[in-house]
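Everything below concerns the one structure shown next.
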Amino acid sequence: MGHKIKVGVIGAGRIGKIHASNIIKNFADVEVKAVADINADTIRDWAAELGIQHVYADYKKVIEDQDIDAVIICSSTDTHSQITIEAAQAGKHIFCEKPIDYDIDRIHQALEAVNVAGVKFQVGFNRRFDHNFKKVRELIQKGSIGDVQIVKVISRDPTPPPAEYVKVSGGMFLDMTIHDFDMVRYLTGSEVIEVYANAAVLVDKAIGEAGDVDTALISLKFANGAIGMIDNCRQAVYGYDQRVEILGTKGSISVANDTPTTVIVSTERFVSSDKPKYFFLERYMESFEAELKAFFNCIVNDTDPIVTGIDGLKPVLIGLAAKQSYQKGTPIRL
Amino acid sequence: MGHKIKVGVIGAGRIGKIHASNIIKNFADVEVKAVADINADTIRDWAAELGIQHVYADYKKVIEDQDIDAVIICSSTDTHSQITIEAAQAGKHIFCEKPIDYDIDRIHQALEAVNVAGVKFQVGFNRRFDHNFKKVRELIQKGSIGDVQIVKVISRDPTPPPAEYVKVSGGMFLDMTIHDFDMVRYLTGSEVIEVYANAAVLVDKAIGEAGDVDTALISLKFANGAIGMIDNCRQAVYGYDQRVEILGTKGSISVANDTPTTVIVSTERFVSSDKPKYFFLERYMESFEAELKAFFNCIVNDTDPIVTGIDGLKPVLIGLAAKQSYQKGTPIRL
Amino acid sequence: MGHKIKVGVIGAGRIGKIHASNIIKNFADVEVKAVADINADTIRDWAAELGIQHVYADYKKVIEDQDIDAVIICSSTDTHSQITIEAAQAGKHIFCEKPIDYDIDRIHQALEAVNVAGVKFQVGFNRRFDHNFKKVRELIQKGSIGDVQIVKVISRDPTPPPAEYVKVSGGMFLDMTIHDFDMVRYLTGSEVIEVYANAAVLVDKAIGEAGDVDTALISLKFANGAIGMIDNCRQAVYGYDQRVEILGTKGSISVANDTPTTVIVSTERFVSSDKPKYFFLERYMESFEAELKAFFNCIVNDTDPIVTGIDGLKPVLIGLAAKQSYQKGTPIRL
Amino acid sequence: MGHKIKVGVIGAGRIGKIHASNIIKNFADVEVKAVADINADTIRDWAAELGIQHVYADYKKVIEDQDIDAVIICSSTDTHSQITIEAAQAGKHIFCEKPIDYDIDRIHQALEAVNVAGVKFQVGFNRRFDHNFKKVRELIQKGSIGDVQIVKVISRDPTPPPAEYVKVSGGMFLDMTIHDFDMVRYLTGSEVIEVYANAAVLVDKAIGEAGDVDTALISLKFANGAIGMIDNCRQAVYGYDQRVEILGTKGSISVANDTPTTVIVSTERFVSSDKPKYFFLERYMESFEAELKAFFNCIVNDTDPIVTGIDGLKPVLIGLAAKQSYQKGTPIRL
């Protein structure tokens, strides 16, 4: 590719800022030409410091800029599918934060638009790019543990969100477990065909009053015959717990938490080591860079993204089924 | 107690021999006066070597011996409840291998007989006496991790049993998971009120043809609001996998596998450490001694056993519910 | 061997009692016929409980008993060589607690007597029989890590002895490091040819006033070209620290401490695990049984002991050299 | 500080390039204005890509540029002291790669020039800025383990350098152990007063023929009474081994190796985990950024560097003493 890829970042909240700054620091061949945010004024200083030329309040300005090759969609979830459709129609490659939408029809419309336009479309399931989980996937694909029998994901947050948040987020299965639904698909290479959500409110009553759960063990059946389980909690006081464990016919693989240091202190009372890295920014920072690298590679080499539109759709379908399972108290087929 | 406790061991298969020999080696205040086995001739040499005076083919001889204070029932499962009833009526204290029976009515009859006779009755859930799991229970009871939210047990065997075995054993939920049902009750101190078995045949087709499963993730709800999961597989090629993990409001507890050594070898290819201790004899040998010690203490000090008749009954009830859940594909309330 | 091996235990302090009781519990083919202790009266109850027939104040009674095949010498160190000589002359096989003596001449006399009599002689370096260290040795001998380059032993006690003790014990290098001198010989299969003791009084001034050190890093050179280091401290507040680490041309081996349980507790403050097993009784209990088993096997099968007279002599020589090195501040050739 | 700090990088070999690129990526307030390298032509493309304006063959051009605030000296060791002197006289702040020089007189002259000029001078002991070792230092300084008694550093390379290299590097004690001499000073906060080098040629005979050793256990005494040991080997086939372990009166601290992932694979043969991160670039990459950050902070805030000129001098003195100790076979006082 003879010239720099020019991108526009749409939505400059926390994750939008991370992506913009990662691009500027790490990708010499990519230029962040513009950033759009409904609160444009609040980000002008930040953009100036990073040397971003254009700051817009209206994302359509980004889409209309014919010089821009790709957009990074980091706006609020309810705008993802609409912006995706417009960007696709404008011929832009799209990196879209997860989830694409909570509405299955709108996801289908967005994917259809992407399909028609023939642009690259990658969903922000960054954990696929994590050093630990990527290696698990590689080992499974190499056949190191034979056929997968059991896949388990532990994913617990250090602190619960405010109850207000769960009212608009779609609930735990859609705002949190969605990453884990993606992870089990990624690791097994197989589709979830049944889900049963054993869930409860054990952390914060206000979350229950807002109609959601905060603790869950979600049972899964896969198309390839394997079974699985996702363990979620909105609060693990010892920190962000991100592990997987796979049993196969020839062995098992497990992933422990990353820690800030490997220091162990032994005293008269006990032997103590580090808690896990604090939260997703600390734990997954490298994966945010890696997913963008993969996205730009797709554009440059005209290859398929590692996280496709279908990969964006499926976890939402599983999440909705998990919600239904919890409400009805029975397993739900997909 | 002024004199030695005199015991009769009924059933001298593998576990009966272990108990007899453990008593002789470790309990100076206990005497194994007699042993009964339907194949009496095959155990005479073994008994002579241990200095056991009487070897009978008929267990009734043990029960009729008024000099005997207690019986250790290690015969085949289908005889446990009947022998329990007779031993109780003869006023003997009873240590009974698990399960008491697969028939709930017969269990009730046995427990009733024990109750009427006022004898001590302890069921052989030896894992309660394991150094690791005992400490987990103590920490939970001390409140070290607050209220229990999630309890998980991993229990996988190194090699599957022959398909013939599962036809008579009651199936995986009753011959294997039964220990784990006991464990979750022991650790949480709460009753299982609902069970959902996500299970499959992924190890040995012959087991499936014999009407059983060999791999399962069993979802649980507890009376105290906690949720739980048991992970079973008839074959983990890396060895006997025996772990638990508890999440509570103030922290988590996990137990790793015991290993033969702590040796780590680092080479150009990798860093390798020991597999878990091979199987239940290696892993739980100390607990077999500890459970008998507890049993004899109950007799001497006239205290309640750590594993009661109810503790023998409940796991069978949960196991039957798990079986039903698997067959119907829905959660079952207890 | 058609009959039981009959042994006499000489010296029934802590370790003598452990050996006697281990024999009675675990070796059906061995009988503890007699025990001798200068405070015979204080051990009569204990002996009666174990069913030991004869209790003597004078060890010569044991040696004169022609029915006794072997003696277990657990008396005070200054009597070891004399009793060894007498027992050898009486044709008894000998298991002798370490060290044989602090006086090199007396050790030579004892070994000479053993040699002339042609009896089995095993020194109580029990750590050679430890599951961890035995496996390290096996791996080295198999060539798993190629040629040994560096051997390191960490050996620290949980609490220091009273200063009174070090006045009579020969000092740290002879009462404590002696085990580690044996360990490095055992692991490398090579002789120490030079020793340099970097030592200090950092735990208890009274130990310094008694003429000894309490903390040391002892540098070693081996005949096969390898180099080594022993790390000793009389006090590690976190517990009994017993590790080794070997570097070879094809890899490294390390041994971590054994712990009472594998329980890990994670809380808001930290992740904590068990301290090492408390002290040598907890840590090495199985090795005390294993060394006796090996001793009796030598007798029955007429094979060479795993710990020979030379193995008893060498660590004393190295210990004396270490002492000299510390006093002179230079390396000492052996 | 109203303007960007302008730096010139002198010497653009591997480490010079790393520093230049780290500055450009991570320090928005710092500009790499010029780079000098005796092979200027070979670095022009690299410099252009990074947007560095000036490329010189002669480092004096950098020093003469009055616009430049600071120099990063990454040229060959024999030029460090001379360039330091010239840069100091030109009033430039100096970041100098280790070692300052192998000649003590020239180090003193360089430090004197720095002193007279009053410029900031930081030596490139990057490991002080490593997340693991920094935390060890903090814990020691907080008193978490009481008074330090024993300090141990393990520092082994994955592959040996060519024998040619050791002829010009000053030898292992000066090119490799020098980092560890700095580390023990950093961790203990105390000076080494005696050194004894137990060393051998066990990796590559050619290294021995070139007059150097490749394997060493270096015994240390500290001014505060503590003792220590550095374990070096030019080749650890399992990878770059970088650990420390400290024993104090109230506890111990240990640091394990960082690994690429936390993945553990368990199979029928063994349980295997990652080898350490491959070599110093992988292991210490973050520390290279952190040391520069600290250096620029010193300039901006006019504070003292974390690694001073004395910190640059002392490890060379210890290294020379270690060499002498090895040659004479005795401990050397400093």
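Labels A, B, C and D are assigned to the chains in the order they are written; within every chain, residues are numbered from 1.
The definition used in the following text is that contacts are C-beta pairs under 8 Å (C-beta built on N, C-alpha and C of every residue); 3 or more make two chains touch, one makes a residue touch a chain.
No experiment lies behind these values; they were computed from the predicted model shown.
The chain pair A-D and the chain pair A-C differ in C-beta contact count, and the higher one is A-D.
Relative to chain D, the most remote chain by averaged C-alpha coordinates is B. The centroid of the Cα atoms in chain A and the matching centroid in chain D are 39 Å apart. The geometric centre of chain A is 58 Å away from that of chain C, both derived from CA atoms.
For chain D, the set of residues that touch two or more other chains comprises 236-238, 250-252, 266-268. For chain C in complex with chain A, the residues that touch the partner chain are 236-239, 266-268, 270-275.
Across the interface of their complex, chain A is touched by residues 147, 149-150, 152, 156, 196, 198-200, 202-203, 215-217, 219-221, 225-229, 231, 233, 235-238, 241, 247, 249-252, 329-331 of chain B.
Interface residues of chain C, counted against chain B in their complex, comprise 25-26, 28, 49, 131-132, 135-136, 139, 144-145, 250-258, 260-268.
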